[in-house]
Amino acid sequence: MNFELSPEIQATLTKMRRFVEDEVYPLEAAFLYEGFHSILPDLEKKRAEVKELGLWAPGHPKDLGGMGLGLVDLGLVSEVLGASPLGHFVFGSQAPDAGNIEVLHQYGTAEQKARWLHRLIAGEIRSCFSMTEPGMPGSNPVMMETTAVLEGEDYVINGRKWYTTAADGAAVAIVMAVTHPDEAPHRRASMILVPTDTPGFRLVRNLQVMGESGEGFFSHGEIAYEDCRVPRGNLLGPEGQGFVIAQQRLGPGRIHHCMRWLGICRRAFDLMCRRVVERAASPTHTLSDKEILQAWIAESKAEIDAARMLTLHTAWTIERHGWKEAREAISEIKFLVANTMLRVLDRALQVHGGLGMIDDTPIAWFYRHERAARIYDGPDEVHKLSLARRILKSYR
Amino acid sequence: MNFELSPEIQATLTKMRRFVEDEVYPLEAAFLYEGFHSILPDLEKKRAEVKELGLWAPGHPKDLGGMGLGLVDLGLVSEVLGASPLGHFVFGSQAPDAGNIEVLHQYGTAEQKARWLHRLIAGEIRSCFSMTEPGMPGSNPVMMETTAVLEGEDYVINGRKWYTTAADGAAVAIVMAVTHPDEAPHRRASMILVPTDTPGFRLVRNLQVMGESGEGFFSHGEIAYEDCRVPRGNLLGPEGQGFVIAQQRLGPGRIHHCMRWLGICRRAFDLMCRRVVERAASPTHTLSDKEILQAWIAESKAEIDAARMLTLHTAWTIERHGWKEAREAISEIKFLVANTMLRVLDRALQVHGGLGMIDDTPIAWFYRHERAARIYDGPDEVHKLSLARRILKSYR
Amino acid sequence: MNFELSPEIQATLTKMRRFVEDEVYPLEAAFLYEGFHSILPDLEKKRAEVKELGLWAPGHPKDLGGMGLGLVDLGLVSEVLGASPLGHFVFGSQAPDAGNIEVLHQYGTAEQKARWLHRLIAGEIRSCFSMTEPGMPGSNPVMMETTAVLEGEDYVINGRKWYTTAADGAAVAIVMAVTHPDEAPHRRASMILVPTDTPGFRLVRNLQVMGESGEGFFSHGEIAYEDCRVPRGNLLGPEGQGFVIAQQRLGPGRIHHCMRWLGICRRAFDLMCRRVVERAASPTHTLSDKEILQAWIAESKAEIDAARMLTLHTAWTIERHGWKEAREAISEIKFLVANTMLRVLDRALQVHGGLGMIDDTPIAWFYRHERAARIYDGPDEVHKLSLARRILKSYR
Amino acid sequence: MNFELSPEIQATLTKMRRFVEDEVYPLEAAFLYEGFHSILPDLEKKRAEVKELGLWAPGHPKDLGGMGLGLVDLGLVSEVLGASPLGHFVFGSQAPDAGNIEVLHQYGTAEQKARWLHRLIAGEIRSCFSMTEPGMPGSNPVMMETTAVLEGEDYVINGRKWYTTAADGAAVAIVMAVTHPDEAPHRRASMILVPTDTPGFRLVRNLQVMGESGEGFFSHGEIAYEDCRVPRGNLLGPEGQGFVIAQQRLGPGRIHHCMRWLGICRRAFDLMCRRVVERAASPTHTLSDKEILQAWIAESKAEIDAARMLTLHTAWTIERHGWKEAREAISEIKFLVANTMLRVLDRALQVHGGLGMIDDTPIAWFYRHERAARIYDGPDEVHKLSLARRILKSYR
């Protein structure tokens, strides 16, 4: 066992951390008070600087303009970037583009790649991933009503999706739709590329999540597919393999999110520690003298560190032994890290008192929006049950 | 011991519950999506109907147009009204007006009453209570920077307040300001009535709480008092007695809030139960078959019922034996009920999945805004420590 | 609503509390270090004193030598007695005798009563209740292997039971056995009185519970019924009605246990408070200055008080409206109070440090033995699921 | 980063695990029902076999007859051995001997080593460590009343100690006593070797811990030092350096305990999984179908894995960078792992129902005795506060 990081990744992380703190944090206030569009020009400027620094697109292949990092290193990067809601976007590492790019890279036809891949990696356009349906349990992805029926050389797509993150302003959607209704449940759906200017693709609304409908990249769309017709050549990957492909991207995607959540933990922890040493609790004491808060700080530190080591171990297992070996761990970190984050955020908010409730720090934003971490990609409860069933198999 | 409710209060509660469900719930969607002002005309119409039904201002004296309920009955009413964010407002029972009215009724001069009391009870105007300061710990109310200096026959007020709930649109503020800086800490401040159109009263902003700056009654103002000059006759209650008066209103106010939170619990619990029986988890099952969710329902029920009995017992103790006898219990329910509510809300949200994150139910609104329940009127931690210290006195 | 206690019960509780503290607590050390038998003579002396004081058998009818208290008052008594492991025994109120007496009183024939009832109430003999089986889930009482086959005028009983509390030294067992194997599951078993000197009744062992096999009243027997033959007249209650009778005794039994657990809470709470004010944490401070411990004290107080009010409300509902009305509440208090007790015990133990681990206080005894509270009479989980299913019925 | 274990340690762990399961587990029942002395002959036989296998004394130097493992490998061994209460003893790796041996090895004079070291490593004799005092907070080791006064060439020791683990039958005690009362608190005490047959060394009692006074190695003594006189040459290490030496042994000792606790977690987890697949919950289902239990299994797995990775990382940090670098982590794992273990044990016990309460599995033994894990070596709360204060230093 050797927990030492390579000097290369250490240097990268240091540079990134400095950039996030010095260049990205200052944009947060405007983001929280004015919205994504108001700071988009600034974000683009920062993205250009990141490219200059050679820190762009850390997870994508070098020959496509990325840094080509392995999964452990990419996880460490995700932690650094996750400290700000804007971090991943500024470094060209944001979901859902990152995952979409991976799928396109692996399964896209030459034509598909030519049209979308390079511009996505370069950050010139954005994409979205359209899978969850309002009437169906997200935890059971094979229950799906959206269909794509082949008519001549076209797929005609009908259905309703929601939580299509970042659909607002995206150039293209990857839509999951049932193409083979008579197959076994896991083989019914395919992925199809749908340019968002296709007739029949209608952004019904940006969901009003926790009071905010958001905009642009920071939005979750409800989409109606109404006789939405795209050429057969827009099929992404083999027919009926939508779920299989989706599952493959799940491991790296999980690392991305969990390390991002750990980045949020670090930010919240840091804000909490600063707060207690600065805030007067009485004319002669600061909050840092309060032992209950000290206990929270200690517990948060231990819980974060433990969750972090487990996540890094999971990343390493995927990278070294493949995602099948890491299956249990991929479930474990989902609920363990999400709950760790929400506990830490809750404590950080409480320590800030009235200030914690308002948007003068990023805590309230994390608190309300990252509550979704226990829901998307399958709620905690689903992961727990499936993990337990897998474990118990070996006892029968 | 006798837990039976009188037939009168039972009948009142039934009428109120029906009205809330039939007339108030339908306004929530517009409130959540369009805001308070958009539904104000509808709310005023409902208030008129409530008056017609004789259900207006349940806590205020009969001779002033209220129902004159005792504290236990008023608590039960608060629970019913609390099921909707709009409930208390529609029935003329909303904080901070309710508490302000009580103080005015008890301490106001004839002139003050003539000018404010009747119109407040009638709901013709609104008021606010301006106590918390951004730079000071709310948990230590005697740390206060706002001053009111007597110049001739006027008080000249200077300072900054925030979390002045419902300041936006209020006609009058009750301001807590230091008038006697040389007295013992608890005798330094006085309450002063400040009409909000007084020069020097400036609403700096509605605080952006959890992404929403709110409006009108649903807002929390940051107020600058800049050489704000009001006549000496605006002093409310005896000089230097501001904290003493504030503490007296704390008991009934606590019952109001705790029973309101229990109303939120009931609403969330009800939505959770409906959700699980309606939502498909698979082609053949609903969520109601999921045992983890069943456990949440059972735990929520037990925790709500226990917290409710403790709160009612506390209300009864105040009503029967006075607030000094109920001191410990008043601290206990603060953190016990607040945490019960937040746990129940968290479970209800989780059960709703993606739907729980958006404003198509009131859960997400409660989730983000009622997080403050563990903070305002003193954070949990402060109540726990002061309760423990009081308990331990008897062991020395 | 009126939470006032009658002057009579207040006086009774005061007398009992004083007796428990002055006369029973001093016996605990010998009980914990020397065992039940070593203090039995002392216990009998105390029982005689209790009878003298007119405080004997609080739950049993006056004409049979008891105090004839109603369920709420009896609950309050159980709380007072529960503060010591020895309390109920000293006052003639101990399970399982109390429940057995009730069943005998309600269902016993004249002959059965003549033989057992009076001597049981008088505390001259002890009884046990033999229901749970080692191979069967206690939570599913209708799964039962013990049979009682009618041969001529005798029942011949075969099977194995365990957790037959206080079998060691009992004069008689009430055995639950399948007499009607072809009926619906809930109608298969009957209750049968088995004198413990009947051939074929064999106390295999006192279970070694948490390291202690116990003795006499404080033991849990494993019993083999081996062609154990008793006269048909030993049938207790109607044939095949064993479960129905068992369920009826469940409500009052639950109040007994829950209030007893709350008595344990009070004891542990009291010891915890004493400890923190007495124990030095440093040359200048006691543990009472430690804020984390203060928070535990406050949380314990609030949780105990809430659980207590819910239990009293449940007792009142049973007493006033019957156990069917109280069904949900009877499930709620089971897990709510048991878990409250275990949390409070855990905190009290922790506050005592090394002293908490040893038997110089009763905390360690409660800690290890009362862990069973979450298991017997059905584990928490079973109660939660059945409660939830009952609740959800009204939503379909 | 590389989480791969060396083939050598993997092979060692496999051999050890097999031996523990095949040879040690079968002795547990007799241990739990008959006590340590009853199985001592068997244990000695197993120890001989372990020596034969070359698996003896894994943490001690090769030239002294041990395996000479580094701290990470030793931690992994401790996890394997910890699965049984008897594991460490059988492999010559038990506390407090392991720590005492380390101190002797590092600080002992040639004479001291000659007399004690080899026989201790060989397991021919046992030792104990006498530090904690009944009247003093264990969390504040510098509060100490036991004194060792130099009279001529002898130390005369007076004082009372308790929780002197394994004193019963030990050949020698290392006693911490104040030799320099006028120095700064951390420099007052020295370590002194006291053969237990020295006049004035009196084993007052084996503490009755959770109902069991234990015997031999499995006991915790209360010791009176009454004018106990030993030669000056029994001083172990430099004068007044007792606490400094104690602190140095703390890091490796922490790894020993935490990994042992994780071994207990594994055992409990394994028993829990076996139980649910074997135990009928109804005529057609086993407990493994119960989703609440599935959730516990999943949560336990994730919590164990996370705590384990953090502990291994801590061991690695100590091994690679020294204990000062690992200071925070050494505090973190103390309370994180202890609480993880106790949660897992609680779940495992609950899953076993009545069986979990009795000594037919080792769960109840672990449950009651390992509760001390949150107390010894400083209670959780002390570690949390000191960790937080260290963290907050960097924020000032």
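Points worth noting:
Letters A, B, C and D mark the chains as written, and numbering starts fresh at 1 in each.
Everything below uses one rule, namely that a contact is a pair of C-beta atoms (placed from the backbone, for glycine too) under 8 Å apart; a residue touches a chain by one contact, two chains touch by 3 or more.
Everything numeric in this text was worked out from a predicted model, so none of it was measured.
C-beta contact counts were set side by side for C-D and A-C; C-D has more. Set against the Cα centre of chain C, the chain with the most distant centre is A. At the interface between chain A and chain D, two copies of one sequence, more than half of the residue numbers in use appear on both sides, so the contact is built from largely the same positions. Taking the mean of the C-alpha atoms as each chain's centre, chain A and chain D sit 43 Å apart. Centres computed as Cα averages put chain C at a distance of 37 Å from chain D.
The distance from the centre of chain A to the centre of chain C, each centre being the mean of the chain's C-alpha atoms, comes to 53 Å. The multi-chain contact residues of chain D, meaning those touching 2 or more other chains, are 290-293, 295, 381, 384-385. Taken chain by chain, the contacts link every pair, so each chain touches all the others.
Those residues of chain C lying in contact with chain A across their complex are 290-292, 295. On the side of chain B, the complex with chain C involves touching residues 1-5, 72, 273-274, 276-277, 288, 291, 293-295, 297-299, 301-303, 305-307, 309-310, 312-313, 316-317, 320, 328-329, 331-333, 335-336, 381, 383-385, 387-389, 391-392, 395-396.
Note for the complex: chain C touches chain D at residues 32-33, 132, 134, 136-140, 143, 162-163, 207-212, 279-283, 287, 290, 292-293, 349-350, 353-359, 364-365, 367-368, 371-372, 374-376, 379-381, 384-385.
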